[in-house]
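What follows is a group of structures, each given as structure tokens.
Below are two complexes that have chain A in common, paired first with chain B and then with chain C.
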Partner chain A sequence: MVKQYAFYFDASACIGCKTCQIACKDKKNNTPGVNFRRVVEYGDGGWVPHPVHKELLMPSNFFAYYVSSACMHCEEPICVEVCPTGAMHKREDGVVLVDESKCVGCRLCEQACPYGAPQFNEESGVMTKCDLCIDFLEAGLQPACVASCPQRALDIGELEELKKKYGDVNAIEPLPDGQYTKPAIVITPHPDSQKSGEGTGKILNPMEV
Partner chain B sequence: MSKDDFLSKVLSKAKLTRRSFLKWSAAVGGTAAVAGGVPEGFKQAIPVAFAEEEGKWVPASCWHDCGSKGFNKAYVVDGLPVFQGTDDTVEDKPNRPQLRACAKGRAQRNHLLSAGRLKYPMKRKHWEPGGGNKELRGKDEWVRISWDEALDLMAKEMLRIREEHGNKSVLCVRPGEPTERLMSAFGGYVNGWGEHSGGTFSAAWHLGWGIPFSELENDRLDLENTELFVLWASNPAWSRAGIPMYDMTRYKKNGAKVIVVDPFYSATAQTLADEWIPCRPATDTAFFLAMAYVLLTEDDPEKDPLIDWEFLHKYTVGFDEDHMPEGANPKENYKDYILGTYDGQPKTPEWASEICGTPPEQIRYLARRIATTNKVAFRMSPAPARVHNADSLPQAVMTLGAMTGHMGRSGRQFGHDWGHSFLAEGYPLLVGGWMLTPTSYVNGEPFENPLASGFKGYFGAFWRNERFEDDDVWLINYNELWHALNIGEYTVGKDKKREVDIKMIYHVYNNKMNQFPGTMESIEVHKKVDFVVTQNLFLNPTAQYSDLVLPVQSHWEKYGYVRMGYRNQIMWTSQVMDPYFESKSDSWISREIAKRLGLDPDKVIPCSFKQNVFDHVAACGVIKEDGSGYKPLVTITEEDMEEFGFEGEPQEGQISLKEFKEKGIYHIEREKGDKYEHIPYKDFVDDPENNPRNTPSGKFEIHCQSYADYITNCGWDEKSPIGKYVPPLEGYESTFEDWENKVKGEYPLQQYDLHVLRRVHSTLDNAPWLQEAFLQSFWMNPIDAEARGIENGETVLIRSRYGKVLRNVTVTPKIMPGVVALGQGAWVNIDEETGVDRGGCPNVLHGSVSTGQGHMGLNSCNVEVEKWEGEPLKYDHQLPPLVPLKEA
Partner chain C sequence: MVFNDWPLVIFSILAQLAVGTFVILGVVRLMTDSERRETAFFRLLNRGWIGSFVVVSIALLISLLHLGSPLNAPLTVLNLGSAWLSREVLFGLLFALFAGLMALFQWRQISTQSIRDLLYGLGTVSGLGLIFSMSMIYRYVETQPAWNTPYTTVMFFLTAGVLGSLTVIVLMITNALFLKEDLKEAWYGRFLQGTIMTSLILIGLDVLVYFFYVLGLFNGIPEAQATAQLLTNQFSILFVLRILFVLLGAVLGGLHLTRLMKTEKAKNLMVATIFAAFLLVLTSELISRFLFYAANVRIGI
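Let's turn to the complex of A and B:
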């Protein structure tokens, strides 16, 4: 029995192609505006005059990288904590789920979650979120996003095993610091990745996330 | 609700409406017009959970012309695709990676079931034989008509036009074989020619270096030996989805260094580059000449060897005056041109820097880095060669490759990056599909367009020959097509023009109005002719300006499709769903029109679609163990033929028919060092005497008279036999009114087109999920934005000499100052009142101008950008979908 399912994300391999986002959208048939997985681009850079040839501009302090993020199925999920009806719950295998029959659509979980994982479905009036494609997991398949990644930048596994294999980074900019909710994620940073809370860049595709 | 509950609910709903028409109505809704870009049915659909016993996976085609290949499959429940999947037929490992699909492939279900799909034949309300009110094209109402009415009126008008104006008045550009066969039997049609993909590499490689496009790249396993990759304007993260970028990432993780030269800090640069060197668009040749200068002036064979003189002398002609091809002017050698011996202009890094915007020391650094690294793989996308006057660029690139000896050797390659997937790493190990046979009907009679007699299929740039000037050959270059039709005259060769008067345009699964340069002139042309017919899945811009629109089936709705992957995969995809509403296949349409034209439909379309798919499957080949040729891939038995209803001969292969059909893909597992590790023209480098190149000298021709003559004969430009820098009509220099004093002109910015993740050329631009995921951006540097009072996200007007486009701007330091970029392929949407394109189509900004070898020369254009004071643009996914017919 898995104690805590977790995603693995390799920021040094992600090219921001959003195949994961579309594969998720397709699997979950989500409407526009509802994306259980999203890809954020983070970075910065500027242009400065060349020291000798003043008319030439040179790139300066450039860096940029992508972060693909879904529900982190946190060890201490704040969404579960704030849910007044018990609709939001955590299974024994660590998967955080909404019981739609109990959800009243108060959207407290949406406000509380620092990852924007629970998303409101206007049609059904209830919260929806990544369920790790448990139907696929039960059939021995990987979640849609993981199986889709052309860069092999995503994986799924037992949190402790992923940590042994890839280390214990669970946050890079622009993700929030992991200490509050203990996200079940293991990240291989991009060489330019910045530490959560200490970033100098900004989100470069705000309209797309 | 439990998983079982909602699954049973979906299934019961589908079962109630089994008949195809009703089923579709239930699946996508009758009106399907809701804000937000998603049809009713989709919005309300509940996600379907996976349950092995309830549905089945069907290998699903992705047929778009992106140059890459991914494997898709659809999970089908009671005839409806409910979600997609990708390759999991083999364990994923570097020697045999799964052929995973990209975001575009994964959005096909959404695209094919979206509200924009054409359902019925439609006629423009005010069309009459002869054209009716032609001015209404693009804004008239559509009227639903029956197939009989559509086909009858089409055949009648075709016969009238042929009788009154002849076949030379019918234009049909690259329509695909069912239509080619029909139009050939009809007596012929005017076609187009030119290179819109490989740019000037096309003729330069074939004539100058004797390199066919199947010898672009070293095998992917051989490139594991490379120490340094130089990716020049090459962004595989966006333009070569799948295996190519996965491989580049592997090489990098295994220790290779990566330098990216690009005007844009691309996704590839972000992810992989150790260094990024910006260079202005359309100035690359100058950069290369300066690198040659650095090597020539700093080379010291003893103390500082930078040039592989042995390679130059043994394998090339034309580098210096002692090694010229026969009959050439010795003064016209590359070395003296670089040094400025005769023209007084040494091509120094300082000279180049003023043009290309890269600091001189970076040019010097890159030249030395390439020269002093043992194993370099240099990969340039053809984008910089899709520029006006860029015919010298491939020569300058390849000459640098020869100077540094990074050619035809392990871990070393120099030139064009990944071509189409099936050519990307050398000869394919699995063959099939149209690559195999002279016609796409495997057992069909060959055919010929009487107005291009002797020519077959695709007319790339290097295809032109003197026969283009014959009276019975009617081929118009893509780049001048719209202008030529507008003025009634096209170029057939040097100093030779020919009058042309087109009365009918027949578009089959294309969007030439949008995708050929000169969209504004194309609209004028479409408003002049008597009859425009479009056969397509969607009401794309070309269809919008038509009189008759015929809905066709996608590959998801047809029996099957055989397609090569990369070198090591081949796919056989199958029918996923019933035909969408009244859509028909292209071959059915050709047969029906043939009947009405008095032609024999069995001659036009020689066999059933299903039988032809089977013929393709039977013809698939796999490389023999000794590499000497191909043997059958698929085992076919008498029982198979009986069961599936095919005719043919039994054969022995590697995989059974049933297994291939079920899996949909066959892989070859490779081992490093195996006998399939291909290195282009290694035979020539190993033994030049016995393996000469296919050039007059048998060597790589740095000085290439045949290339210069070819370009002269095309009729637009004169060209030196060696690679010289000639500024393009609209490049960096032309942004100035006064170059000497650096006074900017009316169009001070350089605009170029990017291949973006949202679509494949103009296909998929209307897929709602992709619209949401990838905004149609226009990129601009903060320095240029600030100078114009423009802020991120605002709507801006982009003006060129030819047209005006609106877009919401992405202000980002990732693009060089002075340079702006649009994603190519966005659907033109002209506002009738202002004449401004609200769709963001780059070809509105480009003129219909031919150049050099007939390649597309649009990848640098001069523009000015200003804040738009009118109503701000919404993003495409926020607009209501373009629904062909407003039904009750």
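Let's turn to the complex of A and C:
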């Protein structure tokens, strides 16, 4: 029995192709605007005057990397804590699910989650979210996003085992510091990754995520 | 940006107004001896209880408009163990119940005074519980710096006090004018003065606390600073109006302490100024609550 399922994400391998995002959307048949997995581009850099020829500009401190993020199936899920009906719940294997028949659509979980994981479906009037493709897991398959990644940048497993294998980084910019919800995620940072809360850059594709 | 939270703005302000009115009317009632509880003025004042019940009922109905699946609303009391929203719903329903009974008993003069004292006590506890749990919903969300502060609780209680006291003042003045009684001479003149003084002090605190709240955001973590900058840049006009309206309301309300109470001719002016004061302060509180929901930058993505 798995104690806590978790995603693994390798930021040093991700090329931002968004195949995971589309595979997820396809599997879940989500409407436009609802994306359980999203690929965020984060970067910084600007132009500074050349030290000698002041009239010339030269590039400075340019960097960019991608973060593919879905629900973190947190160990302390704030969405579950604030949910008034108990629709949002955490299973024994750590998967955080929303029972759509109990959801009242107050959207407080959406306001609280720092990962933007619970998303409101305008048609059904309830919250929806990543369920880790538990139907696939039970059939011995990988979640759609993990299976689709051409870079093998995503993986799924037991949190403690993933930590042993890949280390214990659970946050890089633009993700929030892990202290808020204890996300069940293991990340291999990109060489240019900035520490959560100490970032200088910004999300470069805000319209997409 | 689409703003989805209008029902919450209206619900929270109306619910706080209802609780404030209920509590302050009760203080006036407890300070009035039993003979005077039979006077025409006091019986007219009892309409305030009905108003409190009607307003909180409307507020609760409006809160349903915020829900994506309102039919599941009965389930919202299921997570009392961890969700402040469940506790808010429970306290809200209890307050509406006690406010309704109190209104009925006062209006129809049913039951003894001590049973009504008990109802008032229960209503006050559930009303204050409603405001406290309402504020805790937002304070609990530690990923929202604009909400996750003790100021949220203080501001919600001050809104209740300010709007409640002004509602009672409006009731007292319109009742006195309706009865053609001289406010300065009437036995309830000191109650009116006391309530006006209370409202002025509460408005002063309201502005002061709001100032420190925004100052705290400016000195907070980056997301808090971004929130404060939204207030002073994108929402600057509303931000200024919020302060301006409540101060104007205080000036108009304060006039009743000195000038207007002494003139008998100025009755129309009295009604106009006290209603203007009430509407200005109500608008200011509505703007403040709109900004609370609209101008916030959450931690994370």
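What we mean here is this: the second predicted complex is superposed on the first by the 200 of 209 C-alpha atoms of A that agree within 3 Å, B and C clash if a C-alpha of one lies under 4 Å from a C-alpha of the other, contacts with A are read in each partner's own complex, and residues count from 1 in each chain.
Basically, contacts are C-beta pairs under 8 Å (C-beta built on N, C-alpha and C of every residue); 3 or more make two chains touch, one makes a residue touch a chain.
Since the structure is predicted, the reported quantities are computational estimates derived from the model, not experimental observations.
When both complexes are superposed on chain A, chain B and chain C fit side by side without a clash. One of chain B and chain C touches more residues of chain A, and that partner is B. Of the two partner chains, chain C is the only one that A:V82 touches; chain B does not reach it. By the touch criterion defined above, A:H50 lies against chain B but remains apart from chain C after alignment on the C-alpha atoms of chain A. In the superposition on chain A, contact is made by A:D26 with chain B only, not with chain C. Of the two partner chains, chain B is the only one touched by A:P59; chain C is not.
Within the superposed three-chain model, A:I185 lies out of touch with both chain B and chain C [touch as defined at top]. By the document's definition of touching, of the two partners only chain C reaches A:V126; chain B does not. Put simply, the three-chain overlay gives an angle of 130° at chain A, taking C-alpha centres for chain B and chain C and rounding to the nearest 10.
Once both complexes are placed on a shared chain A, the shortest Cα to Cα gap between chain B and chain C comes to 14 Å.
Judged by the document's definition of touching, no chain A residue lies at the interface with chain B and also at the interface with chain C.
Partner chain A is touched in their complex by these residues of chain C: 4, 66-70, 72-73, 75-79, 82-86, 89, 137, 140-144, 221, 298-301. Residues 1, 3, 36-38, 42-52, 70, 82-86, 88, 92, 100-103, 106-107, 109-110, 237-238, 241-243, 245-246, 249, 253, 265, 267-268, 270-271, 276, 278, 353, 357, 359-360, 742, 757, 768-770, 772-775, 781-783, 793, 812-814, 816-817, 875, 877 of chain B are the ones touching chain A in the complex.
Touching chain B in their complex are the following residues of chain A: 12-19, 21-23, 25-33, 43-47, 50, 53, 55-59, 62-66, 100-101, 123, 133, 135-136, 139, 141, 144, 147-152, 190, 204, 207-208. On chain A, the positions that touch chain C within their shared complex are 38, 40, 69, 78, 80-87, 102-108, 111-116, 120, 124-127, 174-177, 180, 197, 203, 209.
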